Each structure stands twice: as structure tokens, then as C-alpha cells.
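One chain, chain A, links the two complexes that follow: it is found with chain B in the first and with chain C in the second.
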Partner chain A sequence: MNEIQLLTWVRGPGLNIAIGVFLLGTIWRLFEIYSLGRKQDIAAARARAGASGWHTIFRRSLPAPGLMQRSPISYVGGYIFHVGLAIVVFLFAPHIMLVQGLTGLSWPGLPSPVIDGVTVITLAAMLVMLFDRINRPVKRFLSTFEDYATWALTFLPLLTGYLAVKHLLLPYTAMLAVHILSVELLLIVLPFCKLFHAVTVFGSRWYNGNINGRRGVPV
Partner chain B sequence: MSASLQKGIDVLKEVIDAPVASFFASCVHCGLCAEACLFYTETDDPKYTPIHKLEPLRRVYSREYTLLGRLGKMLGLSKPVSDDELEAWSELVYDSCTMCGRCSLVCPVGNDIVYMVRKLREGMAVSGHAPQGIQEAVKRTIEIGSPMGVKWPAIQHVIKDQEAETELKIPIDQPGVDVLVLMSSMEVINYPEYLGALAKIFHKSGVTWTLSSEASEATNAGIQIGVSDLAREIVARIVNAAEKLGVKRVLSPECGHAYMAIRWEGPNLMGRPFPFEVVHVLELLDELRRAGKLKMKDQFTTPVTLHDPCQIVRRGGVLDAPEPLLRQVVSDYRPMPDGNKWNWCCGGGGGASSIQEPAAEALRFKAFQVKKRQIEASGVNTMVTFCSNCRIVMEEAVDHYEMKTQLLGLTELLAAHLED
Partner chain C sequence: MADHGTLEQRLAQQGISRRAFLKFCTAMASLMALPPGSAAAIAAALAKAKRPSVIWLSFQECTGCTESLTRSHAPTLESLIFDMISLDYHHTLQAASGFAAEKSRTDAMQEFYGKYLLIVDGSIPTKDGGIYSTIAGRTNLDLLQEAAKGAAAIIAIGTCASFGGIPKANPNPTGAVAVSDIVKDKPIINISGCPPIPAVITGVLAQYLTFGGLPELDHLGRPKAFYGETIHDRCYRRPFYDQGKFAKTFDDAGARNGWCLFELGCKGPTTHNACATTKWNGGTSFPIESGHGCLGCSEPDFWDAGGFYQALSMPATPLTFATGAAVAGAAIGIGVSLANRAKKSAAKKAHQAATLDDLEK
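Coming up: the complex of A and B.
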């Protein structure tokens, strides 16, 4: 299989398989988690402004008092990485064209040099966060193979995308194929590992806000 | 697998619900919960990271309720949770967790970690891995009616003393009154003046009330150890007494876990809403204050700071009553850093204070260092609180560190300065 054949495969059957596994996996996992249900809380609720699941979905995006000082890399690195990743994934013109081709939806993107800059910053933030995971005793203690593997699976698409755009290391066609392949790997594992927090984070925050909100505590 | 271990694992399977599954699915191992836990911040030992304390529960969740986990179980790739593992986790689930719930407020993905600790304790207790100190407290509560073994004659003695002290009649088993007053054994033994304080305040403000000879104990060791059947039996005593007397309200004393047990867990344990209202003593006092029925003759002028008990404030939702009540009676209030729902635990909640092992006690003193810093930052030597367990735990720690801090109960302080 040469580069062109590989690119054709990853753009065709490969992409279909990845998206299929991602969608079915996501539906399965959502069912697996939320179909467990929960018992109704019978205690008479205490109403309080700002204490609800919906409030917590938004409020939890901000650091708790004092924690920014205690773990600055987690927050600063976390913000840069998440926002950077979202910009690169959703506002890079070729990505928008891909979505348009699949769904017909389209929106304005950012100029390529801006995306280049954001990518470099995001990659740097990820490296710093990897360093922090190894360096910080609590994170190192909690970390398993999954934490490092998912880091790599998230890092690779960013890196290979950047290398492809910059025509570095491999010929463009080959690097683009590797880039798409790395995204497909990410899509396939996402529902089955901690990366699924991208979906469940909303449910978790809502539950926490609801459980404590019924007692009148905005969390 | 032993029968008790099998039972424990079955219970864990039963308590795992959608929130638990969502929480475990969301954890990214960022470690921020550690920064909110006094057992980590004061020891720097990563094993005290709150989410790590839940590892046995997470493993049961993964093996039983996830596709990949079940596959791994079928292929023999993952080992089942063992007795040794649960025994090793006892220290993490009981000694070094006071169920203060501070971690649940900081997790960026929103995991309510203390919600899961409460559930893990169900399996730990059933499989026989709860600390002996808490097991004994539960046994005494079931058999005698009090975790500290206080019997009704001892309470009668306190009633007599307080009647003599206040020259007021303390009503017993009086039907049809507004409020059924509960006590915690800690108050009966260490702070009996709480009862006299209530007698004074209620007399002055015209609240009708009673004690019950059948249900005077408010605390619930069944919840702390994590056995819902026993917790239900303990709550039922109060519910039966309150229904028999036909009171409008049941008053939870200055005890954090008692409030959590009756107000929030109670109806869920009984499986039905209560025909009476459960209020914390501070909620009632603040109601009286707002109605102009809690007037002071003078003010306490010594500068004071305030310790907010976790189960009443952060977890119980009594957020607005403490400060206005304190300001009603003191002229110089100096808030400590991280107050109200962000307060740090005394170190002895969740049953931790009834664990007598030297290692657990040493850990409690170590964890108290954060409270010590808070007190020092407030710059005063008098600290007011409204939980008898917090108070006794902190009094012991204050002695341990040879601090000058004096502790006061808010209800007693208000009563002492009440208008004649």
C-alpha cells in the first residue's frame, strides 16, 4: 500500500469505521451509565438561588478558591489545552470543509497562521501537563497506563496535523494519512476510556449540582 | 471468597447508580481533589487523594457495569476485590475521611466524591472492614440508644441539673407542642448547658417544646459506619416518637452528622416523607432572631472567630443562619479564611473521632494543622462553633498543640446574653 492508497483508505473506509465505533460506542456508554438510574431523594428540598445542576455545569468551569495557587499547571494548562484543542478542531478551515462534506453544516474558520500558533501553544501546554503528571506526586501516584496512552492519543493528531500543514518530516500525503489515522484511533478509543469525560462531564456536574442543590448548597 | 466479602461486594453492586457511574467515567486523574482534602494537604501523602479512597468501588463498577470491564472479568484479566484490599482501604475510607465533602466542591468534572464514600462504606461495613471504634458505637446505639452508652437516667440527671440552673421546667413527653428537642450524647456528657440554653431561649420566645424519653439521641452511627438497615432503625425511633407526640418540628441539635442523618438521609432511609419538619437549632434560632424574639441584654466583647461544621453548612445547607446569629451576640467577629461552605473540617467527623487506634488519633491531630492555621490567621483566641463533635475534637487538638484557643457553643453563647 502506497501513500495515496493509505490516504484513500483512511479517508474512506477508515473514517467510516472510526465514526461508526465512536457513535455506537458513545450511545452504548451513555446507556450503560445513565440507565443505572438512581433513587428519588424524598427529603423535602431546600430552594436556593444558584443551587442546581444547571448552575454547577457552568460554575465548575472556574477554579475553586485557593486551588489555582495550589495546582496552577492543572488549571492554566487545562484551560489552554481544552480551548486550544477546540479552536484547532473546529475552526481550522479544512476541518470545517470535512464536516460540510459529511453533514452540509458550515461556519467561518480562523486564518491558517492563527491555527498554527494555537497548535504550537496547545502542544506546549500538553507537554507541560505531561511533565506535571510525572513530576507532581499526587498525579504520578494516580496515573495508570491509560493516563499516558490517552495523552499520547490526544497529542498525536495535533502534532501530525501540524507537521502535515508545515510539510515536515514526511511527504504531505503520507503525513496527512498518518494524521487522519491518528484521529481515527482517538475516535475509536474515546468512548471507552477517560476521554469520555468529554461527554459525561455534563452529567456528572449536573448530578453533583442537583444532589447538593436539593440541600440548598450551590456547589 | 468468604461469605461476608461476597455480601460486601453485592452491596457495592447494589449502591452503584447512574451518578456513581457518571462520576467514575468522568475522572481524569487530575488530582485536584487531593488539594481540597485536609488529610492530604497536612501529610503530603498521595494515598489520601479522595478519588483514590474509592478504588474498591471503582473496581466493582468497572468489572460489573462496563463493557470492557465485564470482558476483562470474563477473560480473567482483572482480579476481583479481595478482603485484603478492603482491609487495607479501611484506613482510607474511615480514618482519613471525615465525609466533610470539600473534595466534592472542587472536582473540575463535577464528581461528588463524598456521595461515593458514603456508598463505599456500605460495602466496607457489611464485609466487616469498618473500624472497631465505630462498630462499637453502632452497637451501643442499637442496644442502649446512644453511641456513647448514655442511658435515660443520665439524661434525667442532666435535666434536673439544668432545671435547677435555669429555674425553668424542662418538659418531657409533652404531646402537641411545637418542637421535639433532640440531643447528642456528646452534649449530654460534655455540654449539658446546651439544654438549659434552649430552655431559656424557648421560655423567652414562647416556643413550646418537649424532650422524649423514647427518642433523645439525634446522632446516627449507622450512617457513619454505612449500614442503612441500622441507620433506619435509629432514625425510626425519632420518627415514631415525633409522630406519637404530634409535634410540628423536630429540632436537630448542635451536631453536624445528626442533622445530616435526620434532615437529609432520614426520609430516604424510611422511604417516606416526614409529617413534621426537621430543623437545625440554628435555623430555628435565626427564625426567632428575624422575628425579633431573640434580643440580647448585652454583647460578648471578646474577639471571636467562627468554625462552620461541614455537615451543617457545606453539606447541610444551613449557610445563612450562623453569621447573623453570631453578630447578634458578639461585638467583635473576625471571620477566618475559607469560611462558610469552604471551611476546613475539624478532622473528626464521619465517625473518625470514635476510632481509638493511636495511628488514627495521630492522623487527626496532623490533619488539625489546617484548622490551627485558620485560627491563627483569624488572630483571636476564642472560637465559636455549633457542633458538639467538632467542639470536642478541636478541644482535644487545642490541648495537644498547647494552643490558647477557647471554644464556645453558639446556642449557649446566645442564651448567656439573652434579654432577661
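Coming up: the complex of A and C.
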């Protein structure tokens, strides 16, 4: 198999398998998580939950008081890397073409040099956060194999995408195939690890905010 | 038997001036990205070179490669190729037919054993003993193996001979393969393209005659001088790609403004060829300049690399698992949910309240 055949495979059967596993895992886990339910709350509600759930979705994106001083790298790095990732994934023209090819939806993209810059910043933020995770004893102690594996699975598509566009290390065709393959790996693993927060994050925040509101801590 | 004298004598006979010949050599040197001084070296070497015997075998092909070479805007530099070589067998171009034609092939093979150049266009069918394409009652496979034995080098012209091409496209009914799949012990140059650029064919022959060896090849056996860069990297529309300006249809404002054709399925980013620099029809234009995306014809299996009008980042084949996977995911999810609920209610039932007596036990 040469690189153009590999590219055709990852664009065809490979993508088919990856998206199949992603959909299967995502729907399975959503059913499983949301059907778990909670114990009946016998105590009378202390307050009306109101919009606490919706407020919490927003408020959890802001640092809690004092934490920005104590853990600036986690916050600043986290912001940069999440926003950067969203820009690169959703606003690069070839990525929009993929979504359009799959769903028919499309929206305007950003020029390549802007995407290049955002990618470099995102990669740098991820490297700094990895260094911080290893360097700080508490973070290192709390980190498991899953934390490092998911970091690598997120980092690889960004890195290989950048190398492909810039014609570095491997010829473009081969690097593009590796890039798509790395995204397919990410898609396959995503529903079954902590990366699933990409799907559940806002639902979880709403639930926590809502129940806190009922218990007398409305926000 | 054809005239095997030097090229200089031959050109003089045909009234081609030395100036025209030097222009040709300069063009070849610049095409192959050789230093300026090498034009003179090419001229000197070509003028003295004995015209090598060339046997051109056509297998599963459409004759487009020969058309590309012979029907290029005449009189062109490319037409000089026929003055550089002695084409002893080419069943489209030769006047002889039947036994006389086959005899000229076998005569050339005997007389120039170990020295002749073998040019092949078309792929070789291997299924069912190779019966899907025969010449004078013999299979292509048989003819290739016989001719390859005495060849100094083999030039596979066109994507069919280089990589299997369109005959090898799914489901490949004839079991078509490339020359390099069959011949393993001879130097092979792949000049891919459907068809290849005439000047590339001429350039490789000029290099062979001048330096007596093969040019530097890439990992797919193609001369790096011509296939070293992608169409995309050399495309005059590249700035629009970088700016994110794309034609959405073949007749919208973007298309009229000459914006990038990536979204219309252009395969320029993964296609290695010299179209964007050498161009076609005497340097007039190339497909992208005419408003159509690159099909990627100089790459292996280009026919099966997704639709011609689907962007490179779009799925190459339809997603067939998605619906089934979603249904299976829902089924598993519901199953697991029910199992969890059953476990929960069993735990509830098994729950026993502890009494003071229990604690004192």
C-alpha cells in the first residue's frame, strides 16, 4: 500500500469505521448516563432551582475565586487550548468541507495563515500544560495513564495536521493520511474515555447547578 | 532496419538547424532543473549519441499516451524525440503489419540485445493466464517478459504501465498490474499521467541519451525533476487557497475570479506532476487554468480515490455503517440501562434495615 492508497483508505473505509464506532459509543453512553437517574429527593426543596442550571453552564467556565492565582497555567492554558482547538477544528475550510460532505451543513471558514497561527498557539499551550502536569507533584500524583493517553490523542491530530499543511517531516499525501488516521483514532476512543466530556459537559453542569439550586445554593 | 546514425547527421538530413537543436537542449536542461551549463553538455552528448533502438509495446491502453506525444502542437520540441531514437516497433505508428511487424520487433531485440530501450504503455492483464489482451496470439504478459530480458532499461509511459491505471480500477476484471509488478530485475522509470506530459517523456529520453543513466527517481519510480512537487504547491491559484477563497460551483463569481478549486474536488494537493509549470498544448495552459480541478491522474489508483468532484477532505466513499452503528448504540444503551435498573431494584429489595440487636451481635 502506498501513501495515496492509504489516504484513500482513511478517507473511505477508515472514516466509515471510525464514525460508526463514534456514533455507536456516543449513543450507547448517552443512553446509559441519562438513564441512571437519581434517588428520589424526599427532602423538601430549600429553594426553587430556577435558572441555576443554565447559570452554572456559564459560571463553570469562569475560574472560582482564588484559583486563578493558585493554578494560572491550568486556567490560561486550558482556555487557550480549548478555544484554539475549536477554531482549528471548526473554522478550517477543509474541515468545513468534511462536515458539509457528511451533513450538508456549511459555514464560512478562516484564512489558512490564521489557522496556522492558532494551531501553533494551541500546540504550545498543550505542551506547557503537559509539562505542568509532570512538573507539579500534586498534578503528577493525580494523573493516570488515561490523562496522558488522551493528551496524546488530542495532540497528534493537531500536530500532524500542521505538519501536513506545512509539508514537514513526510510528503503531504502521507502526512495527510496520518493526520486523518489520528483523527479516526480520536473518534474511536472519544466515547469511551474522559474525552466524552466534549459531549456531556453542558448537561452535567446544568444538572449540578439545578440540584444545587434545589438544595439552597441558587446561582 | 531503421537508421542508427548520430542525431546530428539525422537532423542535418531533415534540415533542422543547429540553433533549433540548441534551443531544444536548453529547454530540456531547464525542464530537468539542471545547471545552465548543462545545455551545452546535452547538445554535445546528443549530437554524438547513436540513436538507440526503442521497442514500444502497447498493452491494455487507449493510445492516449501515444496521442499525447505525437499530436502535441507540431512542429514542437517533443517531435524531436523521433529523431533522438530509432523506434523499431510501435504498432500504432509503424507502417508494417502482421508478421512483418512482429519480425521487426524480434530483429531489433536480437540485434540490440542488452542495449535497447523498452517503452511500455498500458497495463498487463494477469487474470486467467493473461488472456484478456493478446498481440499476434501472445499474451501481453508473455511479450513483456520476453522483451524485458534484453532491455537496457524500461520506461513505463502513462499511469496504466506505471501503476495499473484505469484497467486496474475496481473491480479490476482483468487482474491488471503495472510493469514494475512483473519485471523486477531491470531499471524501470515510471512516467505517469493520463496521459503524461510530452515534454516529460522527451526530457527523460534526453537525459538517458546524455548521461547514459536513469534520472533521480522518487519512491514510486518517477523522475524527481518532474514529479518532485505537487500541482497544488506550484498552482497559480494557490494564494486563493491560503486566503480561504474557493469557487463553490463551476460558474459562480469565485470560479470567474479564478479562485481555488479545492472544494470542487481538485486533487492538486496530493498529485505530483509538472502540469502547473510545464503546462500543455505548447505551454498554453493546464486543466486548473481551464477552470477544472486536477483529477490526480499521475498518482496510483487515482480512479478509485473518491469522486473527482468531491473535495479531498470529504469522505472517499459513502458512510455505510453510520445508521446501523447508531441503532446498535441505542440498542446497547437501552440494554445496559435496563440491566442497571434491574441491579438497582435488586439491591433495593435485598436491603435490610439494621436493628440495635444486629449491632450488638
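Keep this in mind: the second predicted complex is superposed on the first by the 209 of 219 C-alpha atoms of A that agree within 3 Å, B and C clash if a C-alpha of one lies under 4 Å from a C-alpha of the other, contacts with A are read in each partner's own complex, and residues count from 1 in each chain.
Definition applied: a residue touches a chain if its C-beta (ideal position, glycine included) is under 8 Å from a C-beta of that chain, and two chains touch if they have at least 3 such contacts.
Model, not experiment: these values are computed from the prediction.
Peer 1: Given the alignment on chain A, is it a clash or a fit between chain B and chain C?
Peer 2: After superposition on chain A, which the two structures share, chain B sits beside chain C with no clash.
Peer 1: To make sure I follow: the centres are taken over C-alpha atoms, the vertex is chain A, the ends are chain B and chain C. What is that angle to the nearest 10 degrees?
Peer 2: If I round to tens, I get 170 degrees.
Peer 1: When the two structures are laid over each other on chain A, which of chain B and chain C touches more residues of chain A?
Peer 2: Ranking chain B and chain C by residues of chain A touched puts B first.
Peer 1: For A:65 in the superposed arrangement: first (chain B), second (chain C), both or neither?
Peer 2: First partner only.
Peer 1: Could you tell me if A:172 is touching chain B, chain C, both of them or neither one (first, second, both, neither)?
Peer 2: second
Peer 1: May I ask you to decide whether A:104 touches chain B, chain C, both, or neither, giving the answer as first, second, both or neither?
Peer 2: Touch partners of A:104: none, neither chain B nor chain C.
Peer 1: With the two complexes superposed on chain A, say which partner A:32 touches: chain B (first), chain C (second), both, or neither.
Peer 2: After superposition on chain A, A:32 lies in contact with both partners, chain B and chain C.
Peer 1: Look across chain B and chain C in the superposition and give the shortest C-alpha distance you find, in Å.
Peer 2: The answer is 6 Å, the least C-alpha separation in the overlay.
Peer 1: Looking at chain A, which of its residues have contacts with both chain B and chain C?
Peer 2: Chain A residues touching both partners: 28-29, 32, 35-36.
Peer 1: Mind pulling up the chain A residues that touch chain B in the complex?
Peer 2: 28-29, 32-39, 41-44, 46, 48, 51, 56-57, 60-61, 63-67, 70-71, 74, 78, 136-144, 147, 192, 194, 196-197, 200-201, 203-209, 211-212, 215-217, 219
Peer 1: Over in the complex, which chain B residues touch chain A? Could you list them?
Peer 2: Chain B reaches chain A through residues 16-23, 25-32, 34-36, 40, 44, 46-47, 49, 51-52, 65-68, 104-112, 115, 263-268, 271-274, 277, 314-317, 319, 338, 341-342.
Peer 1: For a test of understanding, state which residues of chain A touch chain C in their complex under the given definition.
Peer 2: 2, 4-5, 7-8, 11-13, 15-17, 19-21, 23-32, 35-36, 93-95, 97-98, 100-102, 109-113, 167, 172-173, 176
Peer 1: Considering only the defined contacts, which chain C positions touch chain A in the complex?
Peer 2: 219-220, 230, 232-233, 241-244, 246, 262-263, 269-270, 296, 299-302, 304-306, 310-317, 319-322, 324-326, 328-330, 332-334, 336-337, 340-341
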